[in-house]
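Down below is the structure, laid out as structure tokens.
For reference, chains read A, B, C and D in written order, and residue numbers begin at 1 within each chain.
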Amino acid sequence: MSRFGFSRGPVDLAACRAQLADPAAGAYASFEGWVRNHNEGRDGVLRLEYEGYEQLGVKEGERIIAEALDRFDISSAHCIHRLGELEIGALAVWVGVSAAHRDAAFAACRYIIDEVKHRVPIWKKEHYADGNSGWVNCEACAAHATEAKGSHHA
Amino acid sequence: MSRFGFSRGPVDLAACRAQLADPAAGAYASFEGWVRNHNEGRDGVLRLEYEGYEQLGVKEGERIIAEALDRFDISSAHCIHRLGELEIGALAVWVGVSAAHRDAAFAACRYIIDEVKHRVPIWKKEHYADGNSGWVNCEACAAHATEAKGSHHA
Amino acid sequence: MFQIRVEYFAILREHVGCTHESLSTSAATVADLYAELDRRHVFPALGRLKVAVNDEFCDWSTPLRDGDSVVFIPPVAGG
Amino acid sequence: MFQIRVEYFAILREHVGCTHESLSTSAATVADLYAELDRRHVFPALGRLKVAVNDEFCDWSTPLRDGDSVVFIPPVAGG
């Protein structure tokens, strides 16, 4: 069973959580990313659109989960990321970790969400109340980096 | 509505989580304590029994939630602790925190569970496969502290 | 002499054999009350106990008043 | 000359106007291929791009082989 996955429909949180059950686990830490109505000081976010490079994304996601299992004393860890259009308040990403003790559960949960955000090829387009939209982390680069054009692989 | 509570029946996690919804919240961190089949190196835990001093417990729990809201930049935080007999795998305690950003959500969630474990008057009796049972954190004291008898308020 | 109610939880409840008792005492402080009850019940040694009066944590030096409700709090173990 | 498939995602997909293209090229490396396509599409400047060949991350100096599938990866923003 895969421990990292993409989902184009709502995530069944109870089912996700149940997969981490373990009679030796005394701690369960989870993290959810929710679509919020503001980002980097800009209000009026109406909805988000997530796009993923799925074939590479699931491999990188699985590597992150494997690293977490290797680095921390945990029982299991799973992560699911939504793709497609999401409204404010919707769940965008879920991470769940079970462990004997809470130190490891918290540390692994934090590790996974941090790595997923930085390494898994997922892109987020924000749609604003004023009718504009933009790809997060890309538009600012595109705007500021005209002079650096061509240095993409420096 | 109270942000810390005791429950003598199963906790409705979906309802608990829904209470923390906030359109400005991009992060939700939660922690659950599950009844595990071992404790402090001792295997064969069959079930647990939680007893609470409820009148003081809800006050202290509310104080902890208020401290978390004061110390961390979070939207909301709730905690529910089970009382009574629980089987292995059952949820014993749930903490949920929503926030704009994940740093604060994780930090506040960790703060709340740590403080609840240390400060809220709840006691846990373990029942073992060999027929023995014991109050966690009390039996060892009782066994080792005979010579220190009477120094309870030193 | 005044009336005090004492509630027992967990290991102390099991040791004493009841959830609460009402008693007349002339104990000046919470610590004095504990010492008086310890002579009767011979409480198990539990390390650092806390104590609450009228459902709030308090110091062992807190003076007792008529009608107070007292709880001796063994080491907790929530979560 | 060999056949290469290039997939586009997110801001690059919108810029180029298609999800993928197949092309014949003599580009020796992934970096050379990017430069060749940049002349045609004039990609937006995106800071540090990553690149994948056959669904694995790789260096920009990776040599291209016939039948390779290439993806240029704009800055990601999951979560």
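Operating definition for what follows: contacts are C-beta pairs under 8 Å (C-beta built on N, C-alpha and C of every residue); 3 or more make two chains touch, one makes a residue touch a chain.
Computed from a predicted structure; not experimentally measured.
Minimum number of contact steps separating chain A from chain C: 2.
In terms of their C-alpha centroids, the spacing between chain A and chain B amounts to 28 Å.
Chain B and chain C have centres, each the mean of its CA atoms, that are 24 Å apart. As a whole-number value, the distance joining the C-alpha centres of chain B and chain D reads 51 Å.
In chain A, the residues that reach two or more other chains under the touch definition are 33, 113.
Residues of chain C in contact with two or more other chains: none. Chains touching one another form the pairs A-B, A-D, B-C. The touching residues of chain A, when paired with chain B in their complex, are 13-14, 17, 21, 23-39, 88-89, 98, 100, 102, 105-106, 109-110, 113. Within the complex formed with chain A, the residues of chain D that make contact are 7, 9-11, 13, 31, 34-35, 38, 43-52, 55-57, 60, 71, 73-79. Of all residues in chain A, those touching chain D in their complex are 33, 50-53, 55-56, 59-60, 81, 92-93, 113, 116-125, 135-139, 141-142, 145-146, 148-154.
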